[in-house]
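Handing you a structure now.
Per-chain residue numbering starts at 1, and chain names A, B and C are given in the order in which the chains are listed.
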Amino acid sequence: MFRYILKRIIMAIPVLIGATFLVFTIMDFAPGDPARIILGSNATEAALASLRESMGLNDPFLIRYGRFLLGLLHGDLGTSYRNGKDVFELILGRLGNTVVLASSGIIFSVAVGIPVGIISAIKQYSKLDNVTMFITLFLMAVPTFWFALILVIIFSLNLGWLPSSGMQRGFPDNVISLILPTLTLGCGYAALIARTTRSSVLEVVRQDYIDMARAKGLTEQAVIWKHMLKNALIPIVTVVGLNFGTLLGGSVLTESIFSWPGVGRFVVDSISYKDTPAVLGSVVTLAILFTLVNLVVDLLYAFLDPRIKSEYQSTWKRAKKK
Amino acid sequence: MSHLLEIKDLQVQYHTEDGTVYALNHVDLELDDGETLGLVGETGAGKTTLAKSIMRLIPNPPGKIEGGVIEFDGKNLLTASDSEIRAVRGNQISMIFQDPMSSLNPVMRVGDQIAEVIGVHEKCPKEEAKRKALEMLETVGIPAERASDFPHQFSGGMKQRVVIAIALACNPRVLIADEPTTALDVTIQAQVLEMMRRLRDKYHTATLLITHDLGVVAQMCEKVAIIYAGEVVEFGTVHDIYKRTLHPYTEGLLGAIPQVHLNVHRLSPIDGLMPDPTIQRTGCPFADRCKYAFERCGKEHPQFISVGDRHKVRCFKAEKEAEKGGMD
Amino acid sequence: MSTFHQTENPHGQEGNVRSLWKQSVIQFKHNRLAVAGLVIIVLFIVTILTTMAIDQITNYSFYNEYIIKQDLSLRLAKPSMAHLFGCDEFGRDLLLRILWGTKLSFAIGVVAIAMSVVMGAPFGMVAAFYGGKVDNAIMRIMDVLLAVPYMLLAMAIVAALGTSTMNLLLALAVSGIAKYARIARAAVLTVKDNEFVEAARAVGANDFTILFGYILPNALAPILVQVSLGIGDSILAVAGLSYLGLGVQPPQPEWGAILTTARTYMRDAWHISVFPGLFLILAVIAFNLFGDGLRDALDPKLKR
């Protein structure tokens, strides 16, 4: 198992480097002269030229990328054009908030989606199932930002129960201010998980080993918990993992709407200020976060499905024999 | 004398969107202690439905047991409570499913899957159940150290051995084997059958062997029931069925077996297909395919009549001949 | 034997010569939800064509008068008989702006996907067809593209190129390449070992002909299914980016762009938030239902 984890981590490294290269290349197209943005429009041509030279802007592309990558490893992402602050620090101060929001969205969607999916599958074609399937179909089609608007109109403006934006400090205010962003982010995802769970459970229910488990004289609870769930979880984990990127994209919108001080909102703000180092830094950060989550999903997958683990182990055994 | 397992007038239907499927129509069957009964029929005749009915594993909906009695050891399984039936399943009556590839849980170690059934019924500590599971594994010819492997690490024949180990772990009185070798290679089939016979003799387990292979029946069974379109059309000892064949369908089945010692130009399959199970018919369901069919066969439904000691048949032609025989 | 065909199964499953596509059409028609989705899509397309026709006939005078021109006397007017969905912050009729916005919301979503497929699918097909090192090289590059979440990649591209409708389209198209490369690869992998491929090779067809003439037509169904299921997401992405101000720019009508100001006027004019969103949801549900139906009809694995 340890070797499997190690191999997965090693495999993730070139992807991560590739992702930074991709984003760096894209952002290199960004218009505007950093030297002029920093020095302002009154700067002399000579001053601009010397700043460009000292910033290394005249160097070939690959050297600039190499410098960026080295900087990234040292925690140096350059300075923001907007306020001259260290981009790495700015992102670090916001990353925690994004992680909190994303985790809370995932926890909510898994905690709601999986039980709803199971109940729907067990009561297939019942009224409850039909209603659930209709609601999930609807939720999956709802745009994140629109859902946020509606939630705010209902729960903040009309009912006055929850704050419409911002992140409060101190318990329980911090939790309360997390509720609407979590619902915004988590509902569509929960719907997706519920639908996946339902079809996955329905698939497993038809398998002979479920009949076999019943034929052993197990109680229905034991059949569901010991035999059905772990098998049904495998496709669910796949879907959760594959769509985590969508969730991160959604968190950008959610953070913007709720003025949630995370990396996503920072990206949007930075784009509107044409603050290229900040955009580059935060997109790279989110891509790294995304890759790490995918890594965790891969590991979880191997943990759930012995077939994957042993496929890997057997290649090691074979290698040893040689 | 009462039988160990007795099925009387069993009717099972599946209610689907396309109509009602009459899967089992008035099935009668009996199985005695230590005896092996072969249940033979084509695909779709209702063999698996019958097996699952005994275990009360018919998925509801769409399936429903509409009537009849399944008496095990004097107790009607169809009216038993859920906890009573659970105490029977895997403990008194076990089942082996058709496809060993899919009857084991892919994410559970095989040792645990055997120990599970022991743990449920013998209420013994985990260690004890595990020790017994290892013993069981050895009994079916798998080294005990493979208990910690997962099903995908076994071949088809080995998986079926594991399934048999699970089925026999609690030393049941009845074993229902639903085409236990159909999914296996021919050489493996023989091994598995041989092992089943050995274990049956060792544990003295009554066996209901479901198959469409009359050769297997001749090897393994004392009694045979021929099932066609959801009803038992002929029942008797192996000798009755093979040597004193009465039902034209049984005759057809026997004619379709290749026989090495006979130089037949070609095998004679039975023409036609089984009738649509969604239509309830008045006459004999085999009448359309029967070369002996006469007027009455299309109009009336034949009764299941005794023609010998334990030989029964559901056919007007046989009925007529038996009457004639009686007059002689 | 003569009674065989008369008594059994009038639909004659074995002797079936109906083409797979025809059978799929029949199966699709039986799926009421999918047909409903298709009907809604057609209604939207009719709306688009009507608005375009009106623009052409009136030489954009209608468009300028009712979609673009501001009338501050009707600012944030509530829904009424004259203005069913009310008016926006510049006093423009919301219903008309939503109807005229259909074109951009749909067009960008659909064209972006089409571009993704055209740019991505050949990579996946070539990777699957040649396998080995070619496969590895291409798919590792696609892994890199997939390592940046779709929306973020699109945002980065828009940020680098500047905000405009065309750049939004380009950004979404590029961001989708890897997804459709993967889908095409999987689709080709399932058909490339078929005997007709070998037969084509035996009669001397070259790789290009085999890949596009023989394999592609047979791998098309799963790709089409994924495309139709992807359109909903694509429309949502267009709206999301426009909402953030990274897409369609005012005063052009587009559902996401209309919603941009909704947050500001939420307190006084709920209708600006609600109606464009409902149209978005309707469109996305329609495409999802259509895609689900298409999958059920075309995916032989799901056929029982």
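One rule holds in what follows: a residue touches a chain if its C-beta (ideal position, glycine included) is under 8 Å from a C-beta of that chain, and two chains touch if they have at least 3 such contacts.
On a predicted model such as this, the values are computed, not experimentally measured, just so you know.
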item	value
Per Cα centroids, the chain farthest from chain C	B
Pair of chains joined by more contacts [C-beta pairs], A-C or A-B	A-C
Length of the line joining the C-alpha centres of chain A and chain B, rounded to whole Å	53
Mean-CA-position distance for chain C and chain A (Å)	23
For chain C, residues that touch 2 or more chains besides their own	none
Of all residues in chain B, the ones touching two or more other chains	none
Contact set on chain A toward chain C in their complex	14-16, 18-19, 21-23, 26-31, 137-138, 140-146, 149-150, 152-153, 157, 245-246, 248-250, 252-253, 256-257, 267-268, 270-272, 274, 276, 279, 283, 286-287, 290-291, 294
Interface residues, chain C side, partner chain A - complex	140-141, 143-153, 155-162, 232-233, 236-237, 239-240, 243-246, 256, 259, 262-263, 266-267, 270, 273-274, 276-277, 280-281, 284-285, 288-289
Touching residues on chain A, where the partner in the complex is chain B	207-209, 211-219, 222, 226-227, 230-231, 234, 304-307, 310
Interfacial residue positions of chain B with respect to chain A in the complex	52, 55, 57, 86-91, 94-95, 97-99, 102-108, 116-117, 120-121, 150, 152-153, 163, 166
